[in-house]
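Shared chain: chain A. Partners: chain B in the first complex, chain C in the second.
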Partner chain A sequence: MNRSTPTGQITPLQTQAIVISSIVGIGVLTFPTYMAQAADSGGPLVTLLGIVFSCISLIPLSLVGRRFPKENIVVYSGKLIGKWPTLLFCFTLILMFLLVTGGIVRETAEAISLIVLPRTPPEITAIMLLSLTALSARRNIIKFSYIHTFYLPFILVPGLIILIGSLRNADYLNLLPFTGIHPKNVISGALTIMGLFQVSFILAMVIPHMSKPQKALNCSFWSIACAGALYLFIVTASTAVFGAEEMKEMVYPTLELARSSSISVSGLQRVDGIFIIVWVLTVFTTLISTYYISLYLIGRIFDLQDHRMLATFLIPFVFIVSLIPQDFFQLYDSMNLISIVGLCLTFGYPLLLYIISFIQKGVRGNETTG
Partner chain B sequence: MSSWKQIFETYKAGKHEPVESRMTPGTTVQLASPSLEDKLEAIHSFLGESDDLIVRRFRVFGEIEAAAIFMASVVDHILIHEAILKPLMNIPPQLNFKVIDLKELPDVLLKDCLLVTGGMKETEAEKLLNSIMQGSTVLLIDGAPESLVLQTRKIEKRGIEQPQTEQVIRGAREGFVEVLETNLSLLRGRLQSNDLRIKISPIGRRTRSRVAVCYIEGIVNPQLVDEALSRLSKIDTDAIIDAGYIEQFIEDHPMSPFPQIQSTERPDKTAAALIEGRVAIMVDNSPFALIIPTVFAQFYQTLDDYTERFMIASLIRMVRLIALIFSLITPALYVSVISFNPELLPTDFAVAVAGGRAGVPFPAFIEVLIIEVSMEVLREATIRLPQMIGGALSIVGVLVIGQAAVSAGFCSPITVVIVALTTIGSFATPAYNAAIALRMLRFPLIFLAGTFGLYGVMIGLILIVNHLLSLESFGVPYVAPIVPGSWQGIKDSLMRGPLWWIPNRPSYLHPVNKRRQAKKTAKSPMDSAFKGPTRKENP
Partner chain C sequence: MKRPVSKWLLCLLMFCTSIVCLTGCWDRQEIESRALILGMAIDEAPPSEQNSDAHSTHLSTPPSVKNKLIRLTAQIAVPGRVPLGPGTGGTGGGGAGDSASMPVWVVQVVGHTLDDALNNLQQEIADPKTLIHLRIIIVSEAIARQGLDDINDYLRRNPEVRRSTWLLVSDVEAAKFMNVAPPLERVPTLYLLGMIEKSTEMGKFPGDDIGQYWSDQSKWGQNAFLPHISIRGENNILIRGLAYFRDNRMIGATKPIEIGVYMAIKGMDPAGYSALLQVPPLGIVMTSTMARESKINVKIRDGKPAATLKIHLEARLVEKEAEHVKVSSPESLRLVEERLSSIVKESAENLLTRLQKDKSDIVGFGEYVRAYKSSFWRNNIHEKSDWEDLFSRMPIEVVVDSSVRRIGLKND
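Let's turn to the complex of A and B:
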């Protein structure tokens, strides 16, 4: 009956849904190419490495969130490292996630106009996607969790069916050797995966509203494992179907995979239309998460009652950001750069907080016992 | 009786002021005075202009001057004759030769003389007048300061019939009627529990429609009753004509196309809802009960689901859900596939579609829009016609116009199929108001499909689903029990589990009493299901 934001209502299952559907996003379309470029047939192994790294990188965030279960990140960070450093970190995070949002919008618009709507200007597609995000991000965090929970099956199930359908063209010799022939850029490949997984920072927003914040670490493991399994499946399937060398030349290997997939019972000639539908959904869930992180942080810094107006007013900014890159290559280069910088933030900032809270607790613990 | 000319003259001479109540302090004093003539004069000044006011003057026990005042149109005349006038004119044997003080007279009359079921003493002027309007008979006695209000209300009503909008194959054939008392008796007859609480109070300054709030104490979440009563108490309007008026005043999201309160004509459905821990609101003169809170799943459930075998019921429920989704997205999907992604269709079928569309002058988007709009016009036209004409018209509309439109090259046959499927799909939904919401939402979807193809359809669908996810009905999420998920709830929302398998009331209602069955109830059906039928040996 209470219409204000209730605390402690998001269940562990909903938390996992939020993290999984945030992670599975725009990247699924292109990342097998990067994996092939990093270590040709060793792509799956590099992906696995990236997943393990991402799993580890979420630990400090979950631990520090568990230590302050009822407070949001702005509050406890202010307690730990002081007001001004917190503001600095938070504003950098906000800026970064707004840039990421803009980048994703642009990437989606480019992909849509390349694949399904060749005659529609990408700006129009971008505006539609942005208005959808703005309208949906107005809700409080409980409704936000409902959105993610509801869409998760619609992302995973059709995705898996399409992938399984593509396996009939697979040649498993393409996967050998597992380590790759020339594994040049293993670390940068793993970093790319971590960059795709950094939307999992949304966990920081969710933990204070969880019914059982102590389960945050558990949730983060499971959700990274689940999303990681999907990524691993995609890269393995596309490497097996196309072979690493062919994949290096592709822009959207996953889409090609969907095109090659054929499910006889579906009554459809090709399933890539279905794939685009599912993919719009995954993009939307990622987009709403990145945008929500920015809105949430601004809302907490300025102690806003709700962020409805904010959600609308930030849209032109994101739209302008999405227009900045001149072309595809510039877009992908800058997205890579942002994700590397972002990694330092989304991993380094919680790590810093955790270390300081650990030290403080140690000192305080000594005081109370001594 | 005066002629129309006289009526016209008096009306013209009278004052007509925009006032809520004509009650003045002077008349109140007059009504409180012991003199019968004063009281009659006061009542005449209020109600005298209505010609169905009847003032029957007589002598109580042949001695004391008195008057019975009532509205001829809303009372039971035989009851007044038998239970009020007759006993008052003949002195009853136990009162023979007794000396009765004039002040005690109303009491004595109530206890010894009058034969009506409801009666009380009243002195307040406003209550006296209101009770006359509601069908009570007011008994004024010369010399006694108190007047008697006697329950004689009788409103003409139709008989109890099978509800037209919610027919069932297997289940009770009774539906609510317009009279609140009858409806409450239908409900109480089904819930013979001393925990069923019914609170009645009027709403509406002019209509004074009686509104009843029903719930079962000990099951319902007290906060829910609290919220319902508080929302009802905030309504201040002049007229409540139907339960639909109440619905619009108390719903959570007035700007949403989706109904957030279920309305039903069926007493058994209402009783089942109360048992689950919901609250029902009924309004006098409306055959619909409002059930709160409501979740979306209720709109594709019927009573049949629970009276028939659970597997069949689960299947039928899924069919209805699919039909509901069909009615929303089929035309949009068709438009987007035809105009943007024809490569998705199998080649043979694509050729057939292209052949059908040859010669059609419009793009698929306009074509579907035209046919859909004409279908809506046809639906709206037939809905209010008498059944015989309606049937004929729909045959003319659907068969003849559809066939002629195709052979005239106005639209392709596949479009007619799609539109027909959509329309049939939306009529498979038991709740008319929920189906109509989705039917109307398919028009924006067709627009999006015509401009942005599958991408547009997806954006539109996400918007609709997000809206559904954000709705609440009295604090309960609209899409519960799917999101937030609850396994116990899914057993009775997407599917319909066997009754013994659903031991708990829906958890999203937060009922005080959670279990509806004892644990051992499920044991014997479970045993029969998994170990084969068990039979006790006869000794």
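Let's turn to the complex of A and C:
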């Protein structure tokens, strides 16, 4: 292999850090609203369902990655389903993750300009965020894993403290009944969660570089569980504090939660500033993952030495993507659409690979025995 | 060969953009050059001001709001005059009329909606207005009875407004509160804020900021309420009860002691109200409530909801009027307890009957039904008014018991 892709150096803990900080991202700000719309007070249960689904959806990816521990997804997919289908899938994935990157950049820029920097043009925020992402995503996968491992505590610890601080206004009644009164859109709610969790596809890039690829399944399970616990905590806290009906009217329920939180022990009356910083970090770690997936796949398809140039030259493309949505509703509708389409890819593609590898192995096994 | 060039290019790009962004040029805000609105009062515009619309947002008034004109009185902090520590400067008490030394500036404008009025306000003042320090909004009862939909919509949408802002209803002209200058605090709004917040800490008022109001308002099984305030004398502010709402419209108000009754129904601690009781052999006795506890049970009886409300009060005896009768035995304390329980039961029933008549469930019995009898709720409640109707006809059984264990330092 070439020098920029050393194999077998990422520890299971780093793998988990990558997956967790990739999953915890932009959606944190808005998803409780979708959960409340899906099943009012049953929001936490819908979230749990989504987490379980996400956990299951990562199984084929982990298993097929485990079967080809030393090869990246482009190589083993080429072996399994042939060159052209692989290219088709990979290019769709690349396109999708570039679109997701652009969408996230836009959502972040919009939120920042609404909440903290009203006069700064959102485009400037977007360019800054993108440049930062591109600069970090230029590194090889080992450094990429360091970045994630470094930022993870800065995301989880303050996030949890802020959430705990908000619980003093919680009302247990708001969480009842657990199943919700009108659980109309349970499946679409669970799909929303899966959509937010699909950045865990980054696992496919990490497995070939793990020191113990056999632990991939274990890692994916624990990272989804950990990130899921945070999501579950957020949706439970906001449902308990605001009540489901109130949440339906909010654009950023988690921000409102942070604004109503106060940590009296430390004398901090307002912690929304800290929350915004933490949230920008979570967005950043998600962004470098989505961008990295695209870069990595392109790099492997064209067998590039490294993807540094690519990281720079894709910035304008992603930036233009981020400019496409014309208004608030278009932005969120198109993001939801992309995430549903993405789900078919990030779940369906590994599943296809796994089934075919399973069949092939079966056939080969029969040949050797028979 | 190529990489260093791209690196340089990228560095240059980063450098240029960071010059623009990191300094915060766009969002640089000098604290002195901002008009910090601390408090607002919203009244109906009196007839004399019907024609003073500044027309800063529209040329011709749309017919639907033609007759709806509100008057906004805003209290703007004057930079540099807001005292930071206690008792700096020697203005002393009663400086209400002395506008030169006032740390706040009171501006009055009219408008058809809240934002329209705020725009008219901006048209009159030099510095950009900002609501990030808005702590108190007072609306007059007339406005509250017409409905707070548009006001709430604006406040919910505006990212500068905190959910911990207080929305209050006043039974007199709301603008008066912007000029009230009690001697204890030189910024009127901060005095009012301190008053509300301290009464929450003392158990005299439930924590009911605008965020809580919105949450209650959104719930299908609960109606919202707001603090109801008034002015006594020149400069004294009185918390006179709860203004309760239905459908974002104020429909009634309670007496001050009924705040205590409401808090007892909800079991809110700390308890802060005292009760004056006529206990037959003992004469007039004052008890002070120390802790409240309550339990609400809902049942579905014959397809109709019914509630049982159990209240327990921990009180202590603080005053007895008649010198010759002694409180010297457990039995006499039992008498006080019985009397206290029956008084609280009576007042709770009284309050609940009135709320039922007005179809305003500020206790949130509906939330209990929704939480514990969800199948009933699912089948019968299809919009908020369904519950309001059911609530008005719901039998509520009130059971109160109380303990009086302590009598203070006097031994009889």
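We take it that the second predicted complex is superposed on the first by the 363 of 370 C-alpha atoms of A that agree within 3 Å, B and C clash if a C-alpha of one lies under 4 Å from a C-alpha of the other, contacts with A are read in each partner's own complex, and residues count from 1 in each chain.
The working rule: a residue touches a chain if its C-beta (ideal position, glycine included) is under 8 Å from a C-beta of that chain, and two chains touch if they have at least 3 such contacts.
Only a predicted model underlies this, so the values are computations on that prediction, with no experimental measurement involved.
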| query | So, does A:Ser77 touch the first partner chain B, the second partner chain C, both, or neither? | reply | neither
| A:Arg308 contacts which: chain B (first), chain C (second), both, neither? | second
| task | Report for A:Met128: first if it touches chain B alone, second if chain C alone, otherwise both or neither. | result | both
| field | First (chain B), second (chain C), both or neither touched by A:Leu173 | value | second
| message | Contact-wise, after the overlay, does A:Ile147 reach chain B, chain C, both or neither (first, second, both, neither)? | response | first
| task | Report for A:Leu117: first if it touches chain B alone, second if chain C alone, otherwise both or neither. | result | both
| said: Quick one: is A:Glu245 in contact with chain B, with chain C, with both, or with neither? Answer first, second, both or neither. | reply: second
| request: Would you check which partner chain A:Leu281 touches, where first means chain B only, second means chain C only, and both and neither mean what they say? | output: first
| query | For chain A, what residues appear in both contact lists, the one with chain B and the one with chain C? | reply | 116-117, 120, 125, 128, 135
| said: So in the complex, the part of chain B that touches chain A is made up of which residues? | reply: 223-224, 226-227, 337, 340-341, 343-347, 350, 452-459, 462-463, 465-466, 469-470, 474-475, 477, 479, 482-485
| field | Touching residues (chain side chain A, partner chain B) in the complex | value | 1-2, 11, 13-14, 112, 116-117, 120, 125, 128-129, 132, 135-136, 139, 143, 146-147, 149-151, 267-270, 272-273, 276-277, 280-281, 284
| query | In their shared complex, at which residues does chain C touch chain A? | reply | 2-3, 6, 9-10, 13-14, 17-18, 20-21, 24, 26-27, 156, 159, 162-164, 211-212, 214-215, 218-220, 364, 367-368, 370-372, 374, 377-378
| Any idea which chain A residues touch chain C in the complex? | 41, 114-121, 124-125, 127-128, 131, 134-135, 169, 173-174, 176-177, 179, 181-182, 242-243, 245-246, 248-249, 256, 259-260, 308-309, 312
